[in-house]
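The chains carry the letters A, B, C and D, assigned in the order they are written, with residues numbered from 1 in each.
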Amino acid sequence: MNEKVFRDPVHNYIPVDNPIIYDLINTKEFQRLRRIKQLGSSSFTFHGAEHSRFSHCLGVYHLARRVIGIFEKKYPDIWNPEESLLTMVTALLHDIGHGAYSHTFESLFGTDHEEFTQKIITDSETEVNAVLKRVSPDFPHQVASVINHSYPNKQVVQLISSQIDVDRMDYLLRDSYFSGVKYGEFDLSRILRVIRPLENGIAFSSDGMHAVEDYVLSRYQMYMQVYFHPASRAMEVLLKNLLKRAQELYLDHKDFFRQSSPHLVPFFENQISLDDYLSLDDGVMNTYFQTWMTASDKIDKILADLAKRYTNRKVFKSISFEEDDSEKLAVLRDLVKSVGFEPDYYTAVHNNFDLPYDVYKPDSQQSRTQIEMIQEDGTLIELSQLSDLVRTLSGTIHGDRRFYFPREMLTSGGLFADSKTNFQSYISNKRFKDPKEAGQ
Amino acid sequence: MNEKVFRDPVHNYIPVDNPIIYDLINTKEFQRLRRIKQLGSSSFTFHGAEHSRFSHCLGVYHLARRVIGIFEKKYPDIWNPEESLLTMVTALLHDIGHGAYSHTFESLFGTDHEEFTQKIITDSETEVNAVLKRVSPDFPHQVASVINHSYPNKQVVQLISSQIDVDRMDYLLRDSYFSGVKYGEFDLSRILRVIRPLENGIAFSSDGMHAVEDYVLSRYQMYMQVYFHPASRAMEVLLKNLLKRAQELYLDHKDFFRQSSPHLVPFFENQISLDDYLSLDDGVMNTYFQTWMTASDKIDKILADLAKRYTNRKVFKSISFEEDDSEKLAVLRDLVKSVGFEPDYYTAVHNNFDLPYDVYKPDSQQSRTQIEMIQEDGTLIELSQLSDLVRTLSGTIHGDRRFYFPREMLTSGGLFADSKTNFQSYISNKRFKDPKEAGQ
Amino acid sequence: MNEKVFRDPVHNYIPVDNPIIYDLINTKEFQRLRRIKQLGSSSFTFHGAEHSRFSHCLGVYHLARRVIGIFEKKYPDIWNPEESLLTMVTALLHDIGHGAYSHTFESLFGTDHEEFTQKIITDSETEVNAVLKRVSPDFPHQVASVINHSYPNKQVVQLISSQIDVDRMDYLLRDSYFSGVKYGEFDLSRILRVIRPLENGIAFSSDGMHAVEDYVLSRYQMYMQVYFHPASRAMEVLLKNLLKRAQELYLDHKDFFRQSSPHLVPFFENQISLDDYLSLDDGVMNTYFQTWMTASDKIDKILADLAKRYTNRKVFKSISFEEDDSEKLAVLRDLVKSVGFEPDYYTAVHNNFDLPYDVYKPDSQQSRTQIEMIQEDGTLIELSQLSDLVRTLSGTIHGDRRFYFPREMLTSGGLFADSKTNFQSYISNKRFKDPKEAGQ
Amino acid sequence: MNEKVFRDPVHNYIPVDNPIIYDLINTKEFQRLRRIKQLGSSSFTFHGAEHSRFSHCLGVYHLARRVIGIFEKKYPDIWNPEESLLTMVTALLHDIGHGAYSHTFESLFGTDHEEFTQKIITDSETEVNAVLKRVSPDFPHQVASVINHSYPNKQVVQLISSQIDVDRMDYLLRDSYFSGVKYGEFDLSRILRVIRPLENGIAFSSDGMHAVEDYVLSRYQMYMQVYFHPASRAMEVLLKNLLKRAQELYLDHKDFFRQSSPHLVPFFENQISLDDYLSLDDGVMNTYFQTWMTASDKIDKILADLAKRYTNRKVFKSISFEEDDSEKLAVLRDLVKSVGFEPDYYTAVHNNFDLPYDVYKPDSQQSRTQIEMIQEDGTLIELSQLSDLVRTLSGTIHGDRRFYFPREMLTSGGLFADSKTNFQSYISNKRFKDPKEAGQ
């Protein structure tokens, strides 16, 4: 086919010259990714970060294509070009099963976006599956096996999913670009110069150690500065409380929800078909919330109020707390309740932690995902053996625990004047940390 | 108040230290702009251009603030600092009345986003209005009068709306950044060094002529390369045909539309309240289309099919034609009809033209909006007198006429085999231009 | 050979995998380009623009390599890969004959940097020649013939030298980057997508018209804003007057110049060997000036003073004048003389003009260098036929005439108080334009 | 005065509106910085890094001006605006005493660029001193005392010189920009938002911890990847050996050196006046080397050969070694000698180490330079207490020891065939690390 190109702010031109890739992009399942934001609630904090999973997935495909181009040219003995299409396709489709606000849905309704990724790829009803079968009857399952890490060739698996894969490489650059911070930038050109296929995996030439180290640090910084931002998490807990409330109301108000938010009903009933799942996107969810916000005063004040808060970005405030602060939190919840806010829906605890770099423990069950460096004599050495900084991050969990509550608890005047005083003096006395709401 | 900042990819930090500005940003009417894409259908062509009007409006406010800061410091005798808040507020709110797909709605339903901007600002029911009245009872009307150009001080009016205003400056930079092209970039720092208030307007020091000229050329390039892109316009005509079909079906299927797309009903009935208007955003519209797509097979095949094409980005193809080609177009419409596509909904004519720079004609009714340069001796001279290039663009209309039709007309095989041949040979014989679909 | 890379701020990595290219870079003649600034006196105005011809020449090689890579892959029937090495080598060496302050030297001593380029390539004494002959005995002459446009295959000639060649493409991007202006940026990726070899030349697909138009406009802007900057030209006229003075003093002070500035003597005597020529670089010239500045008070006050002014950047001031102002300039020269400045050395006239785009005139002698666009039907059309803006620039000469004089003429107090008044009132009365010294 | 601006690639516009600053920039001592490269030999490895100390010093001034502007506005009670001019002037002049290849000169001739900085500022013969005295008779000494850390107000001292000062902030950004790597970039905007004056020093708000941490890591990366690059160090050792040889030859060849390299003679004689010092710049040094290269065959073959190698970038090769490898190095030196290269001039040991972050030890003599963070309750905490990563870098010395030798030792054929084999097999057997020459 004639080469097509997509103009991309991160990678400039993204060329497509394989009809399978092009036709996959044009399936309805892939086009649907245009309607799902890559960073979910983060765009409420970083207003530029409104980019979609569509743009990220194209970027991941593009990086896979670049890496493969290098492997085919520089390592023809180690890389089998017959794996190339599989790698590019999997890169493109690795997130195809993401839904609106996936993480919240998963914790609330027990869905699993990776399971839906598998279904979209292997279910004969999808357009994606139809395109994939044009390669070979078995191709959809090959793609699925790469995604669930069971594909035998670990070169392909690790390119798509490991601690330094094309997915992470794209999202660090992309999320930096759109959020307007620079923390996620790393030296992609140098990484591409030192990446190498092994017999059964991926490694990096040790003279690129500092470039790889810098990548690990960039990832850490993005978690600290963007992904774990307290204000974004405030929107996530609000969303979760809102959906939890809706689910609880569902039994007594089936008609209301069937009419106002039909595609959520299967989730409430825990009978989710692929079609149901694919029907939900950011716009559909927001439309439901807007309906709840205006139409549900008769149904439930809390539902309506939470929907309004979410839609209009009335963000909860928060404090960070320590692991053994549970008694103090109980006091705070009581204070919140004392002014009329139901704590189950107006407060939340949110823990965000990340393992910036994870060293393989030979006796553990987990698959081997640490970053391997190739030394001059051909032996492999694990990255944290070479880098003090990476070793510092290894196995250390970073993040914090936060307690969320309505902004009104800190506002003077009105109904809440007294308890506000109580609330505020309590968090001062107990020396809770109350960081400024970052980003704004 | 403590200064708050918004991290912006285009301007880095956008500081807010005025509580009126901050509270306006937090109104529900302003937060709603997060749910409306700045470039509408263009993101179907430039996938990075998914930024919202929210981000643009913050940027316009920021540029207004920067210009005013310069005026207050460098030209205290000419610029009245009492106009500063008005200017910043108007910059922030100038697009508050934009709805989803405004241009299509305006041409189809006769709405006017500027009229809704006026309403949101002056209607006592809105949160925006409540905040504005805290400045003074008359303040909302002052803001409204700047937007409709009736405000007496033309310094303020021209900063907000003229051929080189803070609105255009932000959108050129922003649309460039997010679409990933560089064509809209210009030398903002230099423009800010040479911009000056006049007694009754805005001008630029003539030693910045080349920077201003470059700005005009950048704007021209963005029109040619991004805003007028044939594929984006294909999505616009598809959207228009879809909504037109819905409106025509409404009379006979009121229940269906009341249930599936309640907030569109007032538009079909031509009785649009402010609340109705504000209820529509991109997500709501897309949700309606998804409902039509799946639920309306019983209602109307064309509606369902067009909704599917729009949702899944099945873009129409197009050719450009000349003003006197109407007979040829009639032939093409007949050929489209001959294979079963109703031409009223499956074809369209779309003309896109822009006047990249418009010289003031003293005898015309229009307000004076050309760009004035101040020479060393203090006299003013209109930009196109100094720049051959701007003069070339002056009053010249750029753009083209395109005829859109289903992609199937060019596909071989299937039902359309014969007429496809006819269609394709006809457009070849008649030497229609058929440029490659840009962007991809 | 193993691929080597050069880290380049403009093109990121510049790979070299051909030993001929690598060995050419390591010749002493090529390394010498590190000691010659790309923009000569412009770095006195744009202090970032201190980059060398070495960096530019690597960039030109890199662009040639990219274009050839595209031609080999996309147009194997039209581009002969046997021309590829020749093209890359010529790109690398096209400026090898540039000396320190070439333009000033050429106008003063009648040298010609293109002639020295030919010599360096073909003279059997050079390291460059030795490397080139490893390709074939005739190879140096082939390279030389591309540079002097006599090589039969115009594809190669036009890639290296035409109105849109790899030389111009690199210097626009590079000079923009280092000077810190953005005016020279253009859409390189798109240009590389639409460039095509013809049977006997180079052309661009017409759907890239706006990208090519933008390139022409960027080039125009760089001339207007950077290359023609009055302050840079002030340093050029000062340098020229300084060297002119030295040459005139030479006859009476041979010993002084032989000792203080040995490598200039051959220029004064008009017997310049290749070795002499290659011995001069920016640092050597500046060293001579510093010697003249301190040691020559006994020889000549004017020489010492001009050397000081140049070394310490005491830039002349200037006014622009019209073609028929020669009588007025005579008055100004007299005023300069009246306070003790010898006008032949303390004033100068400098005309800077450029033809931003030059249409081929079929009856002229010049070689065909306009930009050709390929239309969909395969026919060629010259760019200015498609672009109003380029047509406006075509054949129009842009630039201005300036009269330079000592800054002291505008300073109050001291010796010059009275004549200053006269000088200043004269230029005011005669309405000379006296633009602010740009850049600072 | 009217504001003047310098166009800067890193900071865009650098405004100057104080006549003292402007006149300092125009002194001959400051203009001389245009002739000294910021990174010395690094431009032989990173060819873009040809920027001068002039550009860096302007940048440092600019950052000082920005910080002060923030302090004056946000902390009027803590920052005394009477210190502002002093701070900006010192920022501008902090490197005024740098000479060509300062570090090599200092280790060889015992000069001290900080001592010359003091002299240039306080010596009544300099133009700089004359400008400074216009502020007050004591002003030059105030500036000097900030530079030598004896000025009582530590706010000023730490802004100019501490682990996070305006000097380091500019050079990280600038060296990144010009070398074309991104490692030195950090979030300047955020640093400027969190920097605060203390009663007697500078600190950073603790909610900016990650931005400061990122700055420390960026600095570490620049050392590892750019400043310690083996190829740049190869040029430094070559330069040092060359100058050492010259110095040793001086006694027997005074006439030759007086004529060929007059401004070096005072260094050979260890009687260096300020004028002597200021006469040397990069161009003067290179001119001398070029003279030695061609003219000195009769004097000394080694001098001529080393001068050629330096001028034409014939870079030494190197291996890294361990602290206790001295016996092995002796073997290598013997092998180098066995083929006719005098080891004292053709080999070298070069150790490069840096302390990326240095925690204050209360019992040590050193001044307090660690980075202090201000917590919400107002108490100070040292950065490495908050950041695991910074603590990892604290007090850890990074870098390596390298042994340099002629590239010919690894070349096959010619005179060196046998010893080459010996040399190469020895370094293989002994498992010396022989990293590829980075950068190329």
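Convention: a residue touches a chain if its C-beta (ideal position, glycine included) is under 8 Å from a C-beta of that chain, and two chains touch if they have at least 3 such contacts.
For clarity, every value in this text was computed on a predicted model and none was experimentally measured.
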Relative to chain A, chain with the most remote C-alpha centre: C
Pair sharing more residue contacts (C-beta pairs) when B-D is set against C-D: C-D
Rounded Å distance between chain C and chain D, as computed from the means of their C-alpha atoms: 32
Centroid spacing, where centroids are CA-atom means, of chain A and chain D in whole angstrom: 43
Separation of chain B from chain D, taking each centre as the mean of its C-alpha atoms, in whole Å: 52
Residue numbers of chain C (touch at least two other chains): 5, 12, 181
Residues of chain D defined as touching chain B within the complex: 5, 12-13, 189, 193
Chain D residues within the chain C interface of the complex: 4-10, 12, 16, 26-28, 31, 34-35, 43-44, 46-48, 50-52, 54-55, 58, 177-181, 259, 279, 281-287, 290, 294, 308, 311-313, 439-440
Of all residues in chain B, those that touch chain C in their complex: 181-183, 185, 187, 207, 210-211, 214, 217, 221, 224-225, 376, 388-389, 391-393, 396, 433-436, 438
